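Please find the structures below.
One chain, chain A, appears in both complexes that follow, with chain B as partner in the first and chain C in the second.
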Partner chain A sequence: MDGISVIVTSTLVLGGLYMLMAAGLTLIWSTLRVFNFGHGAVMMFGAYLTWSLLDAGGLPVAVALLGAVAAMALIGLAYEFLLVSPFIRRPNGDMLVMVATLAATMLLQSGAQLIWGPEIKQLPPFGGARVEVAGAVAQGSQLVTILLAPLLVGLLALVLKRTGIGLTVRALEQNREHAQLLGIAPRRVYVFVVVVAIGLATVAGALLGSMQFISPGMGSDPLLRAFVVLAFGGAGSLAGTIAGAYAIGLLEAVTTYYFGLSWSPVLVFLAMIVIMLVKPEGLLRTKVRSA
Partner chain B sequence: MSDLLTVENLTAGYGQAKVLRGISLRVGENEAVGLLGPNGHGKTTLLRCVSNLHRATSGTIAFAGRDTRGESPGSLVRRGLVHVPQGSRLFPQLTVEEALRLSASSSGHSSTWRDGIDQVFSVFPKLKERRRQLTGTLSGGERQMASLGMGLMARPTLLILDEPTLGLSPKVKHELSECIVRVRAEVSSVILIDGDMDLVLDLTDRYHVVLHGDVVDSGASDGSRSRDEMMSLFLGGTADGRH
Partner chain C sequence: MTNLRSWAGWPVYAAVLVALPLVFTDSHSRLLLILFTMYGVLAMSWNLTLGFAGIFNFAQIGFFGIGAYTTGILVTRTGIDPWLALPISGLSALLASLVAFLPVLRLRGIYVGLATYVFSQLCIYLVLGQAGLTGGSNGIVGIPRLSLGDVSLRADGRIGYYFLGAALLFAVTVLVRVLTRSTLGMSLLALRDNEALATSRGVSRVRQHLIVFMIGGAVAGVAGSFNAFLNGVVSTDVFGFGYLTLLLSMIFLGGSGSVYGPIVGAVVVTLVSDVLQDAGAWRDMAIAMLILVVLWIAPKGLAGITNSVLTSLRRPRTSAPEPLPTTSKETA
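Our next item is the complex of A and B:
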């Protein structure tokens, strides 16, 4: 494989992982006005749960992932119940929730350390399929990530566009007070949004856990990258998130290939700072929004 | 007795600033009540308290015979108390039809939203032309129509209209007033606030003048009080020595 094909494959894989993370963050941001610092830890916890179902339960990896998503959805309910709803309606409630999600990060990381111990774990690849297009090769979990991530996020966009709950979510995003006057209960939207976001993060965790190792700190890097994606795509727009995820994936793939692993994050964050200075509403925000 | 809405001794404010000072008000069934008075004297705050968007400091509010304390705005909507807020920018990224459908479903009328939308389009023919347009691209008058239409979609028994003609040109205002007359015919009870005193007096059965967070004058909207008397009430608080 030459440089270009390596870059193409890793752009699509990284873009996929980041969009799974960033889509949930965007959804939570646009409705609750909260940045969920716990998202990386949730991703990590999802990866561990998948591993447990696979290892202890002896389930096939895809089934284990589905089980983990279901289990994490319950954790999502608890997350909303314990961290969001007690605080969100207070004055400066969004700040309180943000701090609560920081606390959740600590709790989940220590919890994972206690439950699963310090040994490194890894999930087996999701299937052995291998595809080669014009020299670019993707196989196993890479291939699944490349296909599944845009599929799931696209599905989410469709749900938001076409279903009743989707309409409710968009209304709350756009005008919270008027939405309440129409009879929309913000709580139902919060539950929906948190559960969906955590489900997507679980998928990202399991996919990453089959390509790299699972450890309590594995979620921090993807969380930071997803944060950069939000800055690029403009928080609050799903189309911007998808485009932003691929943009950051590409930037990271290119910088890693030409400048090495240690320089890549520096350049990615440098790019973010420049974007925030020049176009704080997000690179693609206006274009996407008016489409 | 058969009051639809009863507000008693309501006080409310924002932090240190007291806005409502023990205001009382009632709206009967099949009755339209107008609230008059200068801006900044508590009319909107009163309505925000009534629909539970803002919590009163003391006093009671009852709607359809039940105390509304602790009730969510959504629950009030489903009981028929529908509030069309002042100058809402609506939902810029939703189409007119989506916004109308949303109001039907969130007020518990999703199964009959098509009947509702036909009714709304007959009151506001212009909305039918604009049904596929994003509400963020509507003109001021059309946006008000959409806002009122959303109110109708919720099948209100008490419809609260807060400054529906605010900021509209005289021509558009006239067009909208005609629509409001038609809205009035569709709904049992109405509370109307508007800067246009004549519009309020034309459309309502009774009026209250709200000044410094309390009612300073009330009466039938039959023109028994002259426009000049009203204006001096607004300015001085004591129109003609009767208070």
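Our next item is the complex of A and C:
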């Protein structure tokens, strides 16, 4: 029984983290038609910023996290202005954007190394609450992740569904030309999407940084898993992403428990290859969108 | 129509490659020359898929690393003749490219970028997971040096390695040049620039992409083997971000989709990276900024700049392949 409770807890925690990462990637993919290879580095940078505000600024954890999200929103603006908008309309622009985001990854990683040095850092746990349900224990940051991630992504879904900007995002997703004919400026949507995605990644980074260590390379693992989530749930669909995040979290928790840490990523990737071969549009999607 | 002039450059090219180590004789310059050849080979092989075919292939670094590890494992675990490890590494990278190509079968454009990126990152997990075979995070050390008879390739400022690298570079340059002018190369450009039209004219996307994927993978595998012999050690660094961004900056600085551009890019970026060797993280920053600046001001790289200068100076040569008019791939 012990095994099952461990698996349940880590499924919910991993699923939450992957959801925060993948939701942003999905949003960027569905509107901009590119994958942001810098998402892992953005997450890492957000974790470091939270640490700085906490350590040097002496702020409480929650305030530090909010501050980091605000600061990262500025970086998100720079991201859009420097990496996305110069390339997106050129022929072959999607490749240029992706290469630019790879360069941004390197820039952020080496920047973090220069600013924060090589020592490993860690954030304190987000609260000391402890909940036990049927043998499954979750405490501190784990508990916060389990609750906060669905909350934030749910909020995002609500914003997309109900608000004006959400409507324009969805319009652009569905048909870029028609959306522009209706007077929707893609630039505004791009800025919104990039800033929201980077904000979510910052939260994921801070949460991960309190459960593991913060290092310049900490983002690459979660980024890979988020990519697998996209393949699983179908990029471009938020509901698919949410389901995919928990499915991959479960797959990873189970394989880690039974096969060990080093085999788990291999099995997760194998699952991804099989899915891509059998249902390239994502396991949970029915409608194929041309890419 | 191949006229004499278009082939006159080759002997000159070969002569320059032979003469270079005679001009630069100190061991540091020699090492740089060797790196030029290795990075040149790698950048050209990657440019085949990334530039000419327009496939979002981020698995090239994986093929490079697989070649390096194949060599490392073969020469330390079996008593194989080290020279045989070079072609075998190319073969194993070619097989790996078949695996990496699986997602390309049914995926398009940008999804391929995702799958191939995950593939090369996954190689690291495989290497770490198979620590008994690969040495895990310690890597493989004590790879024997290549030698010709009794003469080690390391002798005289590694001049043997330089000539091996130069020979590889020359061969790959010829290969790329011949390939891009062949029907295969033409069909790749057609697929890249207008897939619907190309396939409707009977070009098989999967077949042509598979062929170029395999060729690029095999070349990268041989380069990885060369790298393993040159350094004497193999570690998971070969799959790392450092090589990825370094090579991307070479390709885009030189000009993606140009035959010779990546060689120039390899030379320039190797020099920049060598000057900043002691600058630590600043070096990575500089390389990343270099990529971004090139993308901002000259998305076709040095080759694009040279071409536009040349065409404004004289009439466009008939032999220069004009890029097909690009049509918008965006159909919602």
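One rule holds for everything that comes next: the second predicted complex is superposed on the first by the 285 of 291 C-alpha atoms of A that agree within 3 Å, B and C clash if a C-alpha of one lies under 4 Å from a C-alpha of the other, contacts with A are read in each partner's own complex, and residues count from 1 in each chain.
Following the convention adopted for this analysis, contacts are C-beta pairs under 8 Å (C-beta built on N, C-alpha and C of every residue); 3 or more make two chains touch, one makes a residue touch a chain.
All of these numbers come straight from a predicted model, not from anything done at the bench.
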| item | value |
| --- | --- |
| First, second, both or neither for A:220, with chain B first and chain C second | second |
| First, second, both or neither for A:155, with chain B first and chain C second | neither |
| Chain A residues touched by each partner, larger count belonging to chain B or chain C | C |
| Partner chain(s) touched by A:170 [first = chain B, second = chain C, both, neither] | first |
| Partner chain(s) touched by A:78 [first = chain B, second = chain C, both, neither] | neither |
| Touched partner set for A:181, first chain B, second chain C, both or neither | first |
| Partner chain(s) touched by A:37 [first = chain B, second = chain C, both, neither] | second |
| Chain B versus chain C as contact partner of A:102, first or second or both or neither | second |
| On chain A, the residue positions that both chain B and chain C contact, one per complex | 174-175, 177-178 |
| Chain C to chain A touching residues, read off their complex | 50, 54, 56, 102-103, 105-111, 113-115, 117-119, 121-122, 125-126, 128-129, 241, 244-245, 248-249, 252, 280-285, 287-289, 291-292, 295-296, 299, 326, 328, 330-332 |
| Sites on chain A touched by chain C in the complex | 29, 33-35, 37, 82-83, 86-87, 90-92, 94-96, 98-100, 102-107, 109-111, 113-114, 174-178, 220, 224, 227-228, 230-231, 235, 262-263, 265-266, 269, 272-273, 276-277, 280, 290-291 |
| Contact set on chain A toward chain B in their complex | 164, 167-168, 170-171, 174-175, 177-185, 289 |
| Complex contact set, residues of chain B against chain A | 51, 53, 72-74, 77-78, 82-85, 88-94, 98-99, 101-103, 105-108, 110, 150, 154 |
